[in-house]
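Shared between the two complexes below is subunit A, which has subunit B as its partner in the first and subunit C in the second.
So, the complex of A and B:
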């Protein structure tokens, strides 16, 4: 594809921005004349860069979460250093040479794998988002969070590398009648979740790689389950054990937590898939906009597969325009969308709305509440709005 | 795609590896019972991980290079901390708020852009490899380097984000008769290269983003040219100036360096495109193999577009088998290939050979030498072989 064919070259109005650029004279400052810094064995970011994960100071930092600064994100990948994290008893330090994975229960051949065993097996890598079921849960309430990071930052996207769980299960020999498995972590709380075996046969990985190197400690080093498109807590970290069973084990983490309380007092259980969601990351809460040309950009993703369409509104949902989707659009991965815009300086409201390959359209909050009631914590995926003031400030609606 | 359809599930022989795994008893060690580490605002890798870029201790470290440890790579992305670097006068420290880009010369409207100007324009992100023209140059000689890192580590792959140079040129108004541009860096040596404008109209980016955050300092922070598929030195870092001209400026870096000396004493100039190359990363030099199942894996890439095919030989090139290409296969990006293999314990020689979308086949060294002679330093892309000894050690051929 050549740039000349891209629609924005013909269609957008850059004039008002570019008119503001300086014209004419060459750069007076010729820059440094002295040698710069030396080469380094393991690089670090510039000291001018300050993007950070959020720390919730009111929680124990050993049973807490951090959020990706999505408002500062570019592209679709999340740097591993800024990937969101959530854990219930801190990040264990595990020597990979000592770590083992046991597969047992309803199998013909219970097996213990070392990391070295697993790394010799057929592996694959895939770019996928990971999202906490509680991401954007604050939006259920009356006072949404002020920034993209605080509202939607429990979602990130990486390249994950590992061995298909299906391969390990085939080797262990799953017995007739087995329909579920339980995955258990090696952290102090032994975080555990039940999963249907059918999902393992589809696309679950036992992963050791993230973004070209080993998993980061807070992402389960040296080994985690990775369950594409499903709520993050089932991608059990520091994975030590998989039990094959007839039914879910009803672990503490799937009964006391991670269920969706409905208006009538019953709870939805095992609501694994993360439904289609989108978020404008620029302009977003806490940022500042200037009149003139400004590209609206954001991220969309769906646990059901690929994003097919993203629409953007600059008038609070009265009218919508299609955003361009950055290629390649990958299944169960962040998809970057972009829409050209010229801000006239008047107060307005931005929204985005995505449609996934199943045809599912991201709902308005009212539609969600009509079905789910107002007692939910998890699985909020309503349309997110940002308000732009006449002073160019961006805030939540 | 479900795993069940993947060919290796039916075709490979894992038995000998898996027979060696432990059977039966559950894991005795239950792991930590105490709280682990707290959340962190900017994460770091595990202290057990030691992959490093190489440092050439015999060079000035302010005018040197580091190589990516490709033998330890997983997937197709290179972590920014391990991306190779090459610079001629060290890494300048540049305040992004003070940095400017000037476009001048044969243009109707010479223009100076701030970072803030550029970031409001329509941008895009693409996953592309970057490779030094001197990568694997050691292979021209009689004594190849001992590891994948030392032979081929001047190549890496990232997601790059920026604004198309074509857009900036269109705004500046390129004048009739202009066919080249010169890009100049803000480092102390003012590294500069000439490029045909036609390439800018195709796919050159003025980039500020890498792998989801700002460029790393050694990759040109805060702004670099990114020229997909072409030798790394033309992707000028710390970009401060673009001069539009009728002809190449014949800068020092394209006359004293970066030309290819032929057998007859003449030199090829402006040999920009990196031709198709592949490399087995596991097993590769310095590693150790055990008898039984082992997945052969590596990377292939081409400046001409996508990789269409990778073949692997385990008998020194007498016979070849097709490797599986990891999807999606992206243009001018690392492509991960994998081939199942069972090592019988006898000494042997591994090779890989790739074909790109143009039909070009990676040549044997003899074919390259026949055309280019033996005085070359740059643009070596011959087939790479690794020898496996009966003791399982892997070394260069």
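So, the complex of A and C:
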């Protein structure tokens, strides 16, 4: 109940209430009270909450992206409504009753599955991050992004439910010599990507569920591929076909796009894995801190498995302290880290650095640039720094 | 011994039959409807053909407003130019300078172009547009008439420009297995 709703109270009552608030005393909830809102069939967040995805000023909003507001994130799960988007030809509206998945090519039994067919099969749920290979790509340049959302917001984390692709491939009977598959969407551009079959045998899901309900349309409703730990675009949305083959099909989005150009003019192809990365989400760019106690918190994740360690520096990388990791730490999922801190009011620089289960340590930008140059666009995972001004403002470095 | 052989044979047969048996076998029509993939060896290319001249007309009507009069790019990515720029400080990635396979042009145009109405070009028109884009990139001569076999034979300038993923190449800590 807000102060506004208490306006009918006498001025004296309001006065004493405000006085009580100023002293920090508990507010007595007395007198007649208004009823709250009625029950409703599908929930909405509080009207006081404003976190939202960012919209780029792109010429074609059907081939654009939105970013998750990571600076305002809580815990490790991203609400489906705030999950980042990247589309290549808009979000199709698909009637699940009409949708089909065809598996064909080098299989003994080409098969067409309906959604109803797939839902009858043994399913499983897993919590995983999804990250665009171009996430934090702006950091390759001289002008880093000003907020956690704009620098790292092409990453989100959800619970995904579906059937293992390995099970569907076993049903179809993969033939000897088949090493690759091509996944294709039912969107206007029929987005296509090739993947090694070995990954399918490991952990790829054909998913219809996200965070306890059906996938959102912008996340591939009614059916998507979900490829844990690998660049987002291979998790083909609106999945309609899987072609089993000897070789990759060399689609536009694995040759002209999503290849990483090195300084010597060669380009890396099939750069699937998203390497370990961390980001302080509070305090982060655009926020404000006050002198005194302030818990530093952020997110770390790795396509190679679990996060083993996150270190935080408050002096621009001169010294590091271990952050606490929120349990359970899940493989290929966001991991929340926290470190206690007392801000003394002096300007300083915050950084975070993570290590994953393979022993890989998140590198500094200079180390990445030294090996790859500055034009590879994709797969930037350097250490991100935030500057705290003497006025408590937080900005990029 | 004989019994063992029968058991092994039965086991192999079992492994090859579906465990759950859901879904249905597609008809040839079903597969034809779904399968639009064109591969680097030309597999999947349909019959038909198209010339650079025909392609220029289609391009002017359907492609130019985004890709520019000579493929230099406008609202969307450039298609021609930039050859030799890929290793420079200002790489210009185009079909001409960057794309490793000509078959990908056909596959992508048929799949995804024109941006606002994908799927509206006939096979002949896709051959023609592909021929014109390759002509703009100085990869085929002006008198080219492209069909499946001739498209699959084209060697792109940056065909050998791609390497496998060597990561982890940076940030390796102690005890990391490559």
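The rule we apply is simple: the second predicted complex is superposed on the first by the 364 of 397 C-alpha atoms of A that agree within 3 Å, B and C clash if a C-alpha of one lies under 4 Å from a C-alpha of the other, contacts with A are read in each partner's own complex, and residues count from 1 in each chain.
Definition applied: a residue touches a chain if its C-beta (ideal position, glycine included) is under 8 Å from a C-beta of that chain, and two chains touch if they have at least 3 such contacts.
Everything numeric here is computed off the predicted structure, so don't read it as measured data.
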May I ask you to decide whether A:64 touches subunit B, subunit C, both, or neither, giving the answer as first, second, both or neither?
first
Going by the contact rule set out at the top, does A:211 touch subunit B (first), subunit C (second), both, or neither?
first
Determine, under the contact definition given at the top, whether A:342 touches first (subunit B), second (subunit C), both, or neither.
neither
Report for A:365: first if it touches subunit B alone, second if subunit C alone, otherwise both or neither.
neither
Between subunit B (first) and subunit C (second), which, if any, makes contact with A:266: first, second, both or neither?
second
Thinking of the overlay built on chain A, is A:93 touched by subunit B (first), by subunit C (second), by both, or by neither?
first
Is A:111 touching anything from subunit B or subunit C once the two structures are fitted on A? First, second, both or neither.
both
Pick one for A:179: touches subunit B only (first), subunit C only (second), both, or neither.
neither
Touching partner for A:171 - first (subunit B), second (subunit C), both, neither:
both
Common interface residues of subunit A - those touching subunit B in one complex and subunit C in the other:
63, 89, 102, 104, 109-114, 117, 120-121, 167, 170-171, 188, 190, 240-241
Complex interface listing, subunit C residues touching subunit A
16, 18-26, 30-31, 34-40, 75-76, 86-88, 91, 93, 95, 98-101, 103-104, 107-108, 111-112, 115, 118-119, 161-177
Contact residues on subunit A for subunit C in the complex?
59-60, 63, 88-89, 102, 104, 108-114, 117-118, 120-121, 167, 170-173, 182, 184, 188-192, 240-241, 243, 245, 247, 249-252, 255-256, 259, 261, 263-273, 275-276, 355, 358-363, 367-368, 370-372, 375, 379, 381
